[in-house]
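Take a look at these structures.
Below are two complexes that have subunit A in common, paired first with subunit B and then with subunit C.
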Partner chain A sequence: MGRAMPALDELAPLFRQVFDDDELTVTRATTAADVEGWDSLTHVTLMLAIEKRFKIRFKSSQVASLKDVGELADLIDALTRS
Partner chain B sequence: MLADHTVDLGTAPFWFAALAALVVIVPIAHARARAVAIAAFDLGFACALAGWAGAPYVLAVVAACHVLAQLAARRLAVAAFAVLLAALFVVHKLPQLELPGGARGALVAIGFSYVLLRAIDMLRALAEGRHAPPALDGTIAYLVPFHMLAAGPIQAYDDFRAQPAVPAPLTTATALDGMERIASGLFKKFVIAQAIQLALLTGFAAGGAYALLEVQAYCIWVYLDFSAYSDIAVGLGILLGRATPENFARPLLARNITEFWERWHISLSQFIRRNLFVPIQLALGRRTDGAHPLATASIAIGVAFVACGLWHGLSLRFVAWGALHAAALIATNAYRHVLLKKLGKRGVRAYLARPVVRATATALTFEFIAFSLALVVYPF
Partner chain C sequence: MTVAAELLAYVKARHPRSWRGVEEARALDTARFDAYAELLLGWAIRALGDGAIARTVDAFVHFTSDVNLAQGRYEADGRYESSSYREVYEAVYADRATMDDYLWGVYLTNFLWVHHLEISAFYEARFVARLPERARLVELAPGHGGWGLLALHRRPGATLAGFDISPSSIDIARSLARAAGLADRASYELRDALTLPAAGDADACICNFLVEHLETPARLFEVIAGALAPGGRAFVSGALTAAQVDHIHEFRRESELVLLAEQAGLRVLETLSVGPARTLPGARHLPRSMSLLLQRRTREHW
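Right, the complex of A and B next:
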């Protein structure tokens, strides 16, 4: 899944807003360990911001099981298409 | 956390069983035959532990969970059956209740506290349609894995279903890795933990100033003893080609309580996160439109950790222990929030990088862990 997707492009501004970091860049390989402040608390804040932006609704199991930004982008892509 | 270790790793039967599992299961390359062999072995081991009187109860629990799994996958009457399962847990945890002969022994022998959590994870995953209904051998291998009966870990059902039906052939390097983990666990449990127990622990009978030293020693002993079980489970998992999650990552060196729970009994922390914390925080966040993340996280933490305390034991002490940890987690979040407001991101980074800050935070975290643990076992 190396293709660039709209979801991934639109995620970067949300990440910058939630983690309060104007220089933050995200790629498909980015994980919570790569982003300062991305812990279990801010993770849900990020998910809520994404739900609002993309007008989608995650299942809590999806929120809890994401491994990296690539998986998140794929999930957003799948939910916005369905 | 204070697991009631019931599989005695110091006895020949456990190691004979482990050796038999290695000899019988590892060479099987046929996926179906392998799955059946693993399930037969796991169920046989659990029944043997429970004894003649307890074996029917083991079979009943596994059968009930399997029926529930089939119903959950079809979204039928899950809630009613889940309540029944939870009721069984409460009965199991209340020592004053009279249970039919063999039932309590059977539930203790199969580590029912862990079986319950696995059952919840399985039922939730199936009810959400994440997997097809399991075959009976799959239910058995997930619920009562012989190498994880004593003290977990609690494997996520998604991870269990994701593992290949037949693992990659065992190489010399992998075998050595597995044996090293087992040896490390044995050394921790039977040399270091044993020495601490013999030299320093009195069951808090000594009292006085010595109790303060014993609080420290007891905490280290619990870590060594508990993580030794996990080392052995992980090592056996590597040798048997059965995915077994890591459960500890130097937790006593954590610099705050949040980090501690990311490193201690990791599989339990992750269970709580995916089944309690995230669903609660997500639901509250949606209700409040994400306006009060700190408050919603605090409520989610409070509920999750009081439940965690009750899982460890249905007593006021465990409720207090859970509430204390919840309070510490909430305080840590609030402190970080205040630091960020006051110092900014770069300022916080520089502050946290100072060796004296790290050392102080690590020491305070250890003392909190040690004293909260003593609260549960101290003979007041």
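Right, the complex of A and C next:
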């Protein structure tokens, strides 16, 4: 995808806040295995923070199946557009 | 490779967010965890064939994710999202695709959730081990059937009649019973547990995680007491301040379940209330599971 991904840029601060790490950087390829503390509970905290920030609401099936930050950014994109 | 090793390798590779919780459960009691993986997951492998680990673990991960998200919303809203049994019935229990996945997921929570591994240990030591040799068991809302089948597996003379409102449950419980070699001692019937007649002849009754799904939880304890022969025992579990899409009745304190049991003519012999190892940050609610070991009273107070 060549175009700019606003969601991805705006996601980084939320990740830093939820995982309490000012140095944290995320790319589309980042997965839970790359981020210290990204488990099923912090995942929900992250999802709820994202819902608030982007004024969207995830379905639970969407929350469970996200594999990496790229999929998350795409989902946010799709939800903010609809 | 053992079943436990296969399970762990799959979680680690495919579901890194679930790794920590599973590791915590195994650390609590490694021998028990591995034995349940062998036994319970072994039955699932025989029932489902190739791909059973992926199928059931994926279902577990989805179920746990749904539960965590529901809990997060409950923290924000201060109440469970569903209040109508009828709506939950249509959306969950009667819906094949939803329910199959849900039940395989719940099945694995019996040992993959650290606090449910504790309940499984309590169930075996305090309830199953003390069942009469040829116990006649009734199971209400067996779901996957795993609780009752575990009792039959440990007690080779026991028999069980299970009643669940979901067609998926009846199919899955029957398939697990066949896989476990227990089909000749376990029968399952599609039925609303609240309509069970008070036959008063069961030696023991199992009813795990139904009570919080009901609009009339008091009625369930009456059904349990009515099913039991005088002096018969029951093992009942419920969820407190633990949200789930199909949880309707919000129990807040342990005493609420104790009181319902007592009011229905049951004596509370023992209880165990356990919460997960970790909660959402800043949580006001500890989502916990409580099990009660009960006995049908024969006198006014005992």
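What we mean here is this: the second predicted complex is superposed on the first by the 78 of 82 C-alpha atoms of A that agree within 3 Å, B and C clash if a C-alpha of one lies under 4 Å from a C-alpha of the other, contacts with A are read in each partner's own complex, and residues count from 1 in each chain.
Keep in mind that, in the parts below, contacts are C-beta pairs under 8 Å (C-beta built on N, C-alpha and C of every residue); 3 or more make two chains touch, one makes a residue touch a chain.
It should be emphasised that the depicted structure is a prediction, and the values quoted were computed from it without experimental measurement.
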| item | value |
| --- | --- |
| First (subunit B), second (subunit C), both or neither touched by A:Thr80 | neither |
| Partner chain in contact with A:Thr31 - subunit B first, subunit C second, else both or neither | second |
| First (subunit B), second (subunit C), both or neither touched by A:Ser60 | both |
| Subunit B versus subunit C as contact partner of A:Thr45, first or second or both or neither | both |
| Set of subunit A residues, in rising order, touched by both subunit B and subunit C | 39-41, 44-45, 47-48, 58, 60-61, 63-65 |
| Residues of subunit B touching subunit A in the complex | 124-125, 128, 130, 158, 258, 273-274, 277-279, 281-282, 285-286, 290, 293-294, 297, 333, 345, 349 |
| Sites on subunit A touched by subunit B in the complex | 20-21, 36-37, 39-42, 44-45, 47-49, 51-52, 58-61, 63-65 |
| Residue ranges of subunit A in contact with subunit C within the complex | 31-33, 38-41, 43-45, 47-48, 58, 60-61, 63-65 |
| Subunit A-facing residues of subunit C, complex | 16-21, 61-62, 64-66, 68-73, 76, 245, 278-281 |
